[in-house]
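These notes are about the structure you will find just below.
In this document, chain identifiers A, B and C correspond to the written order of the chains, with residue numbering beginning at 1 in each.
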Amino acid sequence: MSIRAARTEVASRALLGEGVETLHPSSIDEMAETLAEATAKKRHTLIWGGGTHQGIGYRVDPDLVIFTDHLARVIDWEPDDLTVVVEGGVKIADLEALLATRGQTAVLPEDPGGGTVGGMMAAGVSGFRRARYGPTRDRILEVQAVTGDGRIVKGGGRVVKNVTGYDLPRVVVGSFGSLGVIVSCCLKLWPTPRSTATLTIEPGRLVDVHRPLAVLSDRSSTKIYLGGTEAEVGNQVTRLGGETQNELVWPAVPYRTWAFSLRVPPQTAAGLIAGMPADADFIHQVGIGEITIAAPSSDGMAMLRSKAEAVGGALIVTRAADDGFDPWGTPPPTLDLQRKLIAAFDPQRVINPGRLPGRI
Amino acid sequence: MYDELIAALDAERVLQTPLALHVYGRDAGVYRGQPAVVVLPETTAEVVRVVEIANRHEVPVVARGAGTGLAAGAVATEGGIVLVTTKMNRIEEIDPDNRTALVGPGVINLDLSKAAEPYALHFAPDPSSQAACTIGGNVANNSGGPHCLAEGSTVNHVLALEVVLADGSVAMVGSAAPDPIGLDLRGLLVGSEGTLAIVTKILVRLLPNPPDVRTLLCSFDSIADAAATVSGIIAAGIVPAALEMMDQAITRAVENWLHAGLPTDATAILLAEVVGDTAAVEAEAKVMAEVAHAHHARDVRMAADDSERALLWKGRKAAFGAVAQAAPNYYLHDTVVPRTRLVETMAKVYEIGARHELQMLNVFHAGDGNLHPLMVFDASVPGMTEKVQQAADELVAACVAVGGVLSGEHGIGREKRDLMPLMFSATDLDAQARIKETFDPHNRFNPGKVLPTGARCFDLGASVPPGAWV
Amino acid sequence: MTAQVWRTDFAPTTAELNACVACGLCLPHCPTFRLTGLETASPRGRLAAMRGVAEGVIAIDDEFEEAMSFCLNCRACEAVCPSMVPFGRAMEGARAEVAAAHPTVGRGLRHFVLGRVIPNRGIVGVATDLIKLLQKLGPSLLREGPAQRSLRGLRGLQARPRRAQIVNGPRVGLLVGCVMDKWFGNVNQAAIELLDLAGYQVVTPASQTCCGALAVHDGNIKSGRRLAAANVAAFASADVVVATAAGCSAHLKGYDKLNSEGAALAAKTLDITELIARLIAEGALPRLPVTGEAVVVHDPCHLRHAQRITSAPREILAAAGLATVDADPDGICCGAAGIYSLTHPEASHQLGERIAALAASAATTTLIASANPGCEMQLRSHLPKGYRVAHPVELYLESIRSSSDHVLL
């Protein structure tokens, strides 16, 4: 074998199954060689960042697991440009801690666990602060990806505004590696607000708040997250009232054996929540239409899914206790086009084969 | 083909006379191309019929909105069909609760914001041509505008698209729900300049109008001071709603037309706007003024009211048009450089102009680092066009050399496609070409735009198994 | 660009055509582009067509003629053009070229009517008597259509107004106009009385004639120049020249483009609203107390776009004590546009319906002010019964007359 990547006998072999090879490429070229070989041998390949979103999608039975933990360098950070270039294996928590030293944030998920930047991009997840800063795909400026057949492909650029060629960075977000493993990306940064506050008000109360960082609602309360200048935050706190904490206190989603993400047009969310099983916990991102659900079973979720799909939304499984409930639901109508597009990047379909909606 | 088109639409909306073909042969840029026929469909079904006819006759289709593009993205392919969307201009629905609007591609950008005004909402992308350009054109070029500094370009505001694909089928991508499952084809379609599909309906996100706004007009004795102020404002932790620079030559041309009281004796002026809560905008305006003064601003003035603010923006947005006062022709680029490289890039731009003895004007989105270096000239002078082209190529190379890109918001079109290899490797371009091929295998939609010819390479080396894709 | 293709010395010039950089900012302001969505019906497209002719790739054929004649010449594009393309001038040049290239019987007749008949006061007088008769018999004699609408648009005709008392003051020459004096005599009368009141010496030279706008817009440059020369001579001794029709004042201000001798008259011309608003500002004319009544203001294109005058009529109406409400913030042409309602009745009618709907919904009042006779007629013929459309100076004079503080006349 020509691959120089470090091989490890991972402790999780039992989890992954016998005969599964694991590799830790430490350079982009190594990643390319690894995948070219995977294509040559048609090996089903799972890409592993922090493992935090492996619960999403159809199950992949890999012959090979590629870890990105050796591709974890911050390549370039220009604080005055408000951009950062990182390798895909950089841990979200590490990056945010680094950026915070200069009062900046990449607005990545607030409770990332061991998640990596590349993994979060591939899974297409966003943090709560998307209410102010937009979803993850609005903040990826450049991407370097290694395709299933081992090509190193770059798209976008390291500037905050760009329409030079097709927007590869955007379509890579949420593609679960099907268009390539994200080996590096350039992210748009934001200055951290100078002052913040978390207001807790009774659930269901209507408030008029201008561009909050987030508004999160659960069964017991609604929390409004504010950020800005001292006066701005102070004025809003005075105007809105409620119990106030002078920092951003993000909720933790309670652990259950099943977890879901319900995504619907924002104004339809309340109606769907009303029909949610009583034993399910949730966090509703008000104004966004994303509802994170934790439940002891998938009971009642099929009904919720059909309601969501009827309004153009989806209900996806983010953690499953068994294979008894379809992870995605009805695939999008452009499935054929999506399949062809993936074939242009991963002709032997080696990265996460069949994981996406429609088993593509 | 003409008869089939007439049967599919009606005679009044199929144009084939020499005059019509002549006037539809160009957009707002310098390139020309004469189509064989111009069609103005009114419905998605009619677009489908046009695409089917084009497929039968194997002729290309170039979609066109208002024709305000500057990169020859909507310039006709010789012998092809120009499909004009100006009659698909219905605002079908404004949903104030979900803050969305469903529009036809021919709806004029500013008309949408005007229609959303009663709900205190607006469509954020505001290209300088917003009074004329269409939302369909904005989608094609992922248009920006001064206010995309904080709010992002068109792609950040498109929720779903109805498109006609190359085989004549109609597809809906995206929805009003966040994060559609599967590949996000919206991201590819927005900014694809009509090369992948023809957009027939657009579901856009509308933003609430800000409660308050402050607009500063800062004047400087040097470009470097103005550019340093831009970097300084960003470094101070402020992301203004807009941060625009105009140099003296542009300012004078605009002032000559508009009489807005712009300081024509300043070497550069900076237009900086912050929006939000009153307390926030006051604090931020104060910080921005301090940064400007620290960089030797000779004057910092705040727009007194909405009408003064509107006047300042009108001047900024009419700047391109105003340059015709200086010379009959102009040529401009749309490069973006990292904001920290702005000062040196500006110096380089003027140096290139001086070396070629060309008048170089600059009006641009400084906050994004999005330059619009613009040369005015008289094309009837022998050798002038070649000189301008040479200077333009040097300009682009200089911008790419500091980590910049070819286009921030105008698109690549016919004009800049051959410059793509400056930024992208053969492998990168091949990947782009595969995207095009996937959507449009017969190269029916807007051929010859965005990608250089020969971008698709079939012999990329040993790492690729032969026959893996055909 | 070759100049040989043009036949007249009035043709669009290379400089005029080169001034357009095709940015497209004019498009949404063009009424005919708004109606059709056609590039060929837009200012940019029309300039491109003219340039095509200059370059020898487009013929002056029926299609070119229609492209030029479909233009309302409202000049809304000029007001928004940052390149300051003199579109109205270029369009008149293009129409002169069309006329020179295609002398047809129909156009010959139109040229005769607009160049000879309308400027002839005797004929207009006879025609006026005929129209009075028609009005009395009732418009029901005519089928629904442009002619019937035009008749409905006319004012009820009245006796000829009295002339001014002449006092010693700056000499202001009043262009009484070809139809203005006969059909809109109250407006001229109001102008004379107001100027009198402000201490101006108003002269109405008998040798004056029609301003020539209708002829020139139709490509009849010869008549246009002849009429201009007559007016230049007639008003030679006036210090200021005013016209009470925005179309006339706009055209007088462009006399320098017709004849080199026209420059002096162009320079001393004011629209009546400009002069009256100035006199109000100077205190020479009174500001009356607020009545609480509202008036919807319609901006004639030749005031708003061609002369960039928008505040003067509003200041006059405010001085009359009226609260002003805009009919159309976008300033799209009402479709009157000289003889356009006859040459392009359908487009004219659509635009008329549009402006009437806007004016009627702008406020609860039934009072509408417009400073141009063509627009006034167009508005009246498209508004429901019960609306009054009048010139701002008329309304101002009425307020002065009814005000107990100012016993003047």
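One rule holds for everything that comes next: contacts are C-beta pairs under 8 Å (C-beta built on N, C-alpha and C of every residue); 3 or more make two chains touch, one makes a residue touch a chain.
From a predicted model like this one, the values you see are computed outputs, not experimental measurements.
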### Task
Name the chain with the Cα centroid closest to the overall protein Cα centroid.
B
#### Entry: Farthest-lying chain, centroid of Cα atoms versus that of subunit A
C
### Query
Between which chains do we find the greatest number of C-beta pairs in contact?
A-B
### Query
So, what's the distance in Å between the C-alpha centres of subunit C and subunit B?
38
### Task
Please compute the C-alpha centroid of subunit A, do the same for subunit C, then give the distance between them in whole Å.
63
## Note on the structure
Chain centres from averaged Cα atoms put subunit A and subunit B apart, in whole Å, by 29
### Summary
subunit C contacts subunit B in the complex at 18-29, 37-40, 44-45, 48-49, 52, 57-59, 63-64, 67, 80-85
### Of subunit B, residues touching subunit C in the complex
15, 17-20, 22-24, 26-28, 40, 66-68, 84, 86-87, 89, 106, 108, 110-111, 129, 131-133, 253-254, 257-258, 318-325, 328-330
### Query
Quick one: in the complex, what on subunit A touches subunit B?
32-33, 36, 39-40, 78-83, 103, 124, 126, 130, 134-135, 137-138, 147, 149-155, 157-171, 173-175, 178-179, 190-192, 194, 210-211, 228-229, 231-232, 234-236, 261, 263-267, 288-290, 308, 311-314, 316, 328-329, 331-335, 337-338, 340-345, 347-348, 356-358, 360
### List of subunit B residues in touch with subunit A within their complex
95, 97-100, 141-142, 144, 148-149, 152-153, 155-156, 160, 165, 171-173, 175-188, 190-192, 196, 208, 210-211, 231, 234-235, 237-239, 276-280, 282-284, 336-340, 365, 368-370, 403-412, 416, 420, 423-425, 427-432, 434-439, 450-451, 460, 463-465, 468-469
